[in-house]
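Chain lettering (A, B and C) follows the sequence in which the chains are written, and residue indices restart at 1 in each chain.
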Amino acid sequence: MHAIIDYISSYLTSEKTPGAAGNMFWVLVYIMLVFAGLSVAVIAMNWLERKILAHMQVRLGPMRVGPHGLLQPIADAIKLLLKEDIMPAEADGFVFWMAPLIVVLAAFTVFIVVPFGPTHAITDMNIGILFMLGVSSLSVLGIVMAGWASNSHYPLMGALRSSAQMVSYEVAMGLAVVSVILLTSLHGHGLYGVGGPGTGDTGTLSMIGIVQAQQEQGVWFIFKFFPLGLIAFFIFAVAMVAETNRAPFDLAEAESELTAGFHTEYSGFRWSLFFLAEYSAMIAVSSIAVTLWLGGWLRPFPNLMNGPTWDQAFSFIPAITFLFFAAMCFYNTVRMPKHPLFRVQTIGLAGFGVVLGLIGLALFIPPVSVRVQDIFWFSAKVAGFMYVYIWFRGTFPRYRFDQLMQLGWKVLLPMGLGVLILTAALGLWPLIQQTIWHP
Amino acid sequence: MLIGGILVITQKNPVHSALALIVTLLAQASIYLMLYAPFVAGVQIILYAGGIMVLFLFVIMLVSIEQSMKERQFNSQWVVGTIAAVALGGLFIAVYEKGKNIFPNRALSIVENNNTQRVAVLLYGQYMFAFEIASLLLLVAIIGAVVMAKKRI
Amino acid sequence: MESMLHITTLHYLVLGAALFLLGVIGVLTRRNVVIVLMSIELILNAVNLNLVAFSRMWGGLHGQIFSIFVITDAAAEAAVGLGILIAFFRNKETVNIDEVNLLKW
């Protein structure tokens, strides 16, 4: 018994991620936490998308199911689980069954290396960013298989278009990522993941190492070598929207053009797997963008407003955010119609507000607040990206497919190459100066 | 991995064959991880499983296989082919018997966490010329593939 | 019993040889051109496995770099091979290797 408790508590004092410490129990705990958090995030995304799109289109969105439609995603999930599972007549059974599985696996495996904090990742591989890009390219296979196995021409066309689009924009993503990885090597003095003296000034591919490089250089990479960091971020942002088949690049699943693209023939639970995988992939590529450009878990302005008082002030922000949401819940409770039929909804909303308020108050306690800081800032930035995704969907018209491919190959690829060359040149500027002017 | 390999060469449907190959490639990537080569594993997943197999699946879809699935699967020289492969296997076993004393009995233990950095130092230092030639090869391959598959040159 | 627990280089070489044999059988006996190309990829993978296993044995990283180049070459060759396949299919409407007998006398 003692051995088990020692095993469990020995991790708590080591300063590494569970994967690096080799502690299987905590690895499993972290995996459960990430899985649960991701499921909650996908459910919240479903509700948020419908409400925010509705408000952008000057209408209200779902209001009936729970208070302000808060139980709508749960109703959708129950409906999808109870639907009949159809398989087309001549479809290839095994491939039809495997396709959503591959897409979901690829979308979820990516979260192994996502860094929520300096030690809050499931593990930190040496090739973190390479692993993320590689595994997210496996979802293309699942989409191709889904289109092929449905044995009807709408899904096949949708699958071919969608996979061609995803493969093209992976190239642009890769170039933008490489130009950021170059930046991690600029002030290297034994960064995380790099062996000590003797390896020189090298960069790193590990996700935690990239954020630590930003911490060391004191600037988020989006603002580095202005405007090159910004252009690289812009290229990645456009490429990631195209990679996840979201508007305005959603020709493959556009409802008005191709029935539903590659997931036309899927019904019930299999369709919800595709939907789950799409939202998880969105969160995954947003995590890449946040880690590489927006400083991961670092709080805003780490250098401009530094010092213990600013740290203390910023550490109150998580609690204040939750208390703000609780206040909004109570405000809307008061504004609910005073009709006996609405009594349950009003009580529900008030209860939800009380839960949020309790979480907010709990976040004021110093030990909890210290641990939650990194995770909060990371999640807040990813939530910002989610809002931008929904904003894009509500604002931009859809791209035609040839315009889409033209954008990927003729615009983003040369821009990516240009940014890469300029970043490398600016990064090595002292060396170039030395070579040219003092040979 | 061996099961994947056997499935690749025995399946009737090319799509099932391609799926088995994907499984084989992913198993290969995990074996690279066991051999302390994480960079090669990452490259394998991105390029092979995520790129080349997509290419294969595209071509399988373009080339209609309905008719070819109904024909005989193994070609007219399968007896000779199998005998040749077994002979090759015998050759392997003979080489093993002759040279099995060269290999050390236990594996080296070089656990490192800067594999990518060391690969990069070698790749851009000592093997720079090979790197440039590889990029030229890829350019030639791209032009060749585009020319071969065009409808009208 | 002790040598059964350690996975030495020899085990990897045997696995590589087995994959190579499977690939060779696939190339020599299948009719469908696409499956022949996939067997060629199996052969290249077996070679890569050998290279990386030897690189581990000697401790240097030259084997891994060579295997990266082999993967690059495999990609190029798969692309050109599939291009040839498409051109061939457009002419003959079949993916049967036995039908490629224009030079037969």
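Following the convention adopted for this analysis, a contact is a pair of C-beta atoms (placed from the backbone, for glycine too) under 8 Å apart; a residue touches a chain by one contact, two chains touch by 3 or more.
Here the structure is a predicted model, which means the values were calculated and not measured.
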Worksheet item: Linking chains that touch, what shape results: line, ring, star, complete or other?
Response: line
Fill in: Which of B-C and A-B has more C-beta pairs touching across its chains
B-C
Worksheet entry | subunit A-subunit C separation of Cα centroids, rounded to whole Å | 36
Worksheet entry | subunit B-subunit C separation of Cα centroids, rounded to whole Å | 5
Item to complete: Round to the nearest whole Å and give the separation of the Cα centres of subunit A and subunit B.
Response: 32
Practice prompt. For subunit B, write out the residues touching at least two other chains, lowest number first.
Written response: 39, 43, 51, 115, 118
Response to the item:
The subunit B residues in contact with subunit A across the complex are 13, 15-16, 19, 22, 38-39, 41-43, 45-46, 49-51, 53-54, 57-58, 61, 112-118, 120-121
Item to complete: Under the touch definition given earlier, write down the residues of subunit C that touch subunit B in their complex.
Response: 3, 6-10, 12-15, 17-19, 21-26, 28-32, 34-35, 37-39, 41-42, 45, 48-49, 52-53, 55-57, 59, 61-62, 64-65, 67-69, 71-80, 82-87, 89-90, 94-98
Worksheet item: What does subunit A use to touch subunit B in their complex?
Response: 92, 94-95, 98, 125-127, 130-131, 133-135, 137-138, 140-141, 144-145, 148, 156, 160, 163, 167, 170, 193-195, 199, 202, 204-205
Practice prompt. Enumerate the contact residues on subunit B facing subunit C in the complex.
Written response: 1-2, 5-6, 8-9, 11, 14, 17-18, 21, 24-25, 28, 31-32, 34-37, 39-40, 43-44, 47-48, 51-52, 55-56, 59-60, 62-63, 65, 67-68, 71-78, 80-82, 84-85, 88-89, 92, 96, 100, 103-108, 110, 115, 118-119, 122-123, 127, 130, 134, 137-138, 140-142, 144-149, 151
